[in-house]
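Consider the two complexes below, in which chain A is the common component and chain B and chain C are the respective partners.
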Partner chain A sequence: MNRDIEISVSKNNDVSILNIKGDVTAVTGEKLEDAYEKISAEGAKKILLLFDKESYINSGGIAFLISVASESKKREQSIRLTGLSEHFQKIFHMVGLTKYMSLFPSEESALDGF
Partner chain B sequence: MKINEIVKQQTADITKETHLKSSEHSQMELERRMFHLKTLYDLSQEIGVLKKTEEIMKNLLMMIIGTFGTLRGIVVLVDLGKGSIEEIFQRGMGKNSFGILVKAIESGHFKELEEITCIHVLDEKNDIQQNKKKDLADLLNSCKIKIWIPFKVNEKLRGGIGLGDKLSGDPYTMDDQELLCTLSVQGAVAIENSRLVEQMKKEEIVRTNLSRYLSPHTVEQVIKRDIELKLGGDRKVVTILFSDIRNFTKITETSRPDQLIQILNEYFTAMATTIFEYRGSLDKYIGDALVAVFGSLIPLENSAQNAVQTAIRMMKYMPQLNERWMNRYGFHMDIGIGINTGEVFLGNIGSPERMEFAVIGDPVNVAARFSGLARPGQILVTRETLTYLGTETKYSELPRTQIKGKSGKFELFEIHYL
Partner chain C sequence: MSTITDEGKKIELYIPSIMGFEKVAMECAASIAKIMGFNDDRIDDLKTAVSEACLNAIEHGHGMNASLKVGITITMAESSLQVAVHDKGGGIGQIDLPVIENKIEDESNTRGWGIFLIKNLMDEVKFEKTAEGKNVVRMIINLKKRSEGQGSDIPEKS
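And then the complex of A and B:
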């Protein structure tokens, strides 16, 4: 059974950080989309998706990320992502998500020069 | 370094690089397969617990979109019998593309779409070329759909999944086609299962509801649609049977409450069985009285005939019950029955899941009054009922009688059954 997700928002200078805990799936993904819409409405231009090390994302969740990525392009936002395992980094590359968002090995490296 | 040594070194480097690339490729392929397997597992776990078709389709499409990495996708379920869209869910299709596809499906193109195994619009060796389905390819292309897979839920319900370009820019492969087929089959099974569970629940509610009015056999016939129940308000000529216990007050005074409940249960069960046997429906119990209606829920050729036969059988049943009660409790019980035929308002109000059956009108009141007039063991019918009875019915005419709340005197007929 999948765990629900918890998303909190924090700021680091002009970077809006979505702290994601839990499983991002076809069921829970809407919460991620809602959180993204909320910070976009507040004018976020630089967004970091920070996944907790216990977090998990499946193909249903990836569909929501694709949607977020596509919207961010239209809104001229820049999205970075960190916290997911190497396996998911390869999957993101495979499904073409890396064309829309850059993946980083750590929060520090993601924030560096953002 | 001599030339041949340089060549040797370069050849070794190339081989090493080739091995490295091959290893990376294998690793990537392994990751891809793991991801696909996990998707299949997650899909079965997630949609297996969902109850609504709409939710299953939404989850199915989202997982497919994420698996193939595409911006646009659509899943549609079509009722072949009605030729209409049963459910549809899309993501990123855009208003125009969505509109074109919906219009095409509704105008009969779906039949063609579901006959093919798979369409790869961009693949040169695609099914379309082989099957000469260029018009379908054009249709899907105009909606920016690059792959289309039909699936079958059951004989009536067919579905289709369409996806747009991959974000990676890669074309859809045969592997993708196979995976998409497998995912769609999983979705179809989940949809069918949820529908069956839903249908079973619905049938159970209908069964419980109708069991209050109809025999178990008739209820099953209604559920299997061998008998069509007419719902909604209607004016119809029916026959109403009103039966009531004559010496009930005395029985209540002399019996213990648990005995009384036992007696009433035995009595009502026996009477209801008889009513159902003659295809009547049990309208209601009013204290010690019961009201049965013939020709309402189930159409009958001669509702009056059925009602009178029921009344005779009820009367003939009483000695059996009385013998039992006499041995057990030391008393007996008599009933009087009044029957009338006339136009009433029939209201099977609500849905089959929650139906309240109502028979309203003056003929019901007259039947109740006739039942009140009947002496113990007597079956009284009105002129309106007698008119429908065959010549084999034995009866005698009683003196015209005044009925409470009615002007004029009523013709009264007693049915002989002994």
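And then the complex of A and C:
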């Protein structure tokens, strides 16, 4: 029933971009964590999570994102976020994720000065 | 809408305790809220709250036993919408709301945000136990309250 998640990885100079399409839930979150672990193993220090405005994100997905935030703190990585709908921007503020991952209005602004 | 009876203002559905089926309840509640004239921001709030209440019922109430059904009763009132999600579980009891700093430090337990989201997004939330032993989460969203001036940059709650 959960729409699957599709994650593609690209690079812009030294920024690793995870392009996330689909639902971010307890069921699909593991794929997001796996993709993050893979780019971390390759030495990524600057990471941009590019979300899909149509994505359904629930508390299970948020838990995976908190794990990523926790790991990134230990690894001294910097994570930026973009592409979230206004609703999920609000949710990320509410939960406090934006204390650990900076939110940007567009991909261009997120990459600018990263 | 043409004249509607009191009984007609109540919509009931049942979903199996399978992850993903919470979306059926979520979309149903959203469709009703749209008919009632809720704005898109509030409908998004409702969708997340209904989804989280159903997920709790599916996962914690029924242990993802697909043969058990989660019941959702949506009641339309003049200026509010009530959604009651019931399961046969033991209820949530007293829980401490999560704090992100603790979750970041203790990565072994990053979950537990469902009730937090429901309480932050809905105007009223009650947790009840019925005489038949059902666990009920009753949520109310008002047509007017919080409908204006609530952008994405709301203050973080501590």
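Criterion: the second predicted complex is superposed on the first by the 114 of 114 C-alpha atoms of A that agree within 3 Å, B and C clash if a C-alpha of one lies under 4 Å from a C-alpha of the other, contacts with A are read in each partner's own complex, and residues count from 1 in each chain.
Note that a contact is a pair of C-beta atoms (placed from the backbone, for glycine too) under 8 Å apart; a residue touches a chain by one contact, two chains touch by 3 or more.
Treat the numbers as computed from the prediction; the structure is a model and nothing was measured.
Asker: Look at A:Lys73 in the shared chain and tell me whether it touches chain B only, chain C only, both, or neither; answer first, second, both or neither.
Answerer: second
Asker: Just chain B (first), just chain C (second), both, or neither: which does A:Gly22 touch?
Answerer: neither
Asker: Scan A:Gly83 for contacts with chain B and chain C and give back first, second, both or neither.
Answerer: A:Gly83 contacts neither chain B nor chain C.
Asker: If you lay the two complexes on top of each other, which residues of chain A touch chain B in one and chain C in the other?
Answerer: 1-2, 25-27, 58-60, 62-64, 66-67, 70, 87, 90-91, 94-97, 99-100
Asker: In the complex, go through chain B and note every residue touching chain A.
Answerer: 28, 31-32, 34-35, 38-39, 42, 45-46, 58-59, 61-71, 91-92, 166-169
Asker: Can you list the chain A residues touching chain C in their complex?
Answerer: 1-2, 25-27, 56, 58-60, 62-64, 66-67, 69-71, 73, 85-87, 89-91, 93-100
Asker: Which part of chain A faces chain B closely enough to touch in the complex?
Answerer: 1-2, 25-27, 29, 58-67, 70, 87, 90-91, 94-97, 99-100
Asker: Okay, in this complex, where on chain C does chain A touch?
Answerer: 18-23, 41, 44-45, 48, 51-52, 55, 99-101, 103-105, 107, 110-114, 116-117, 120, 150-154, 156-157
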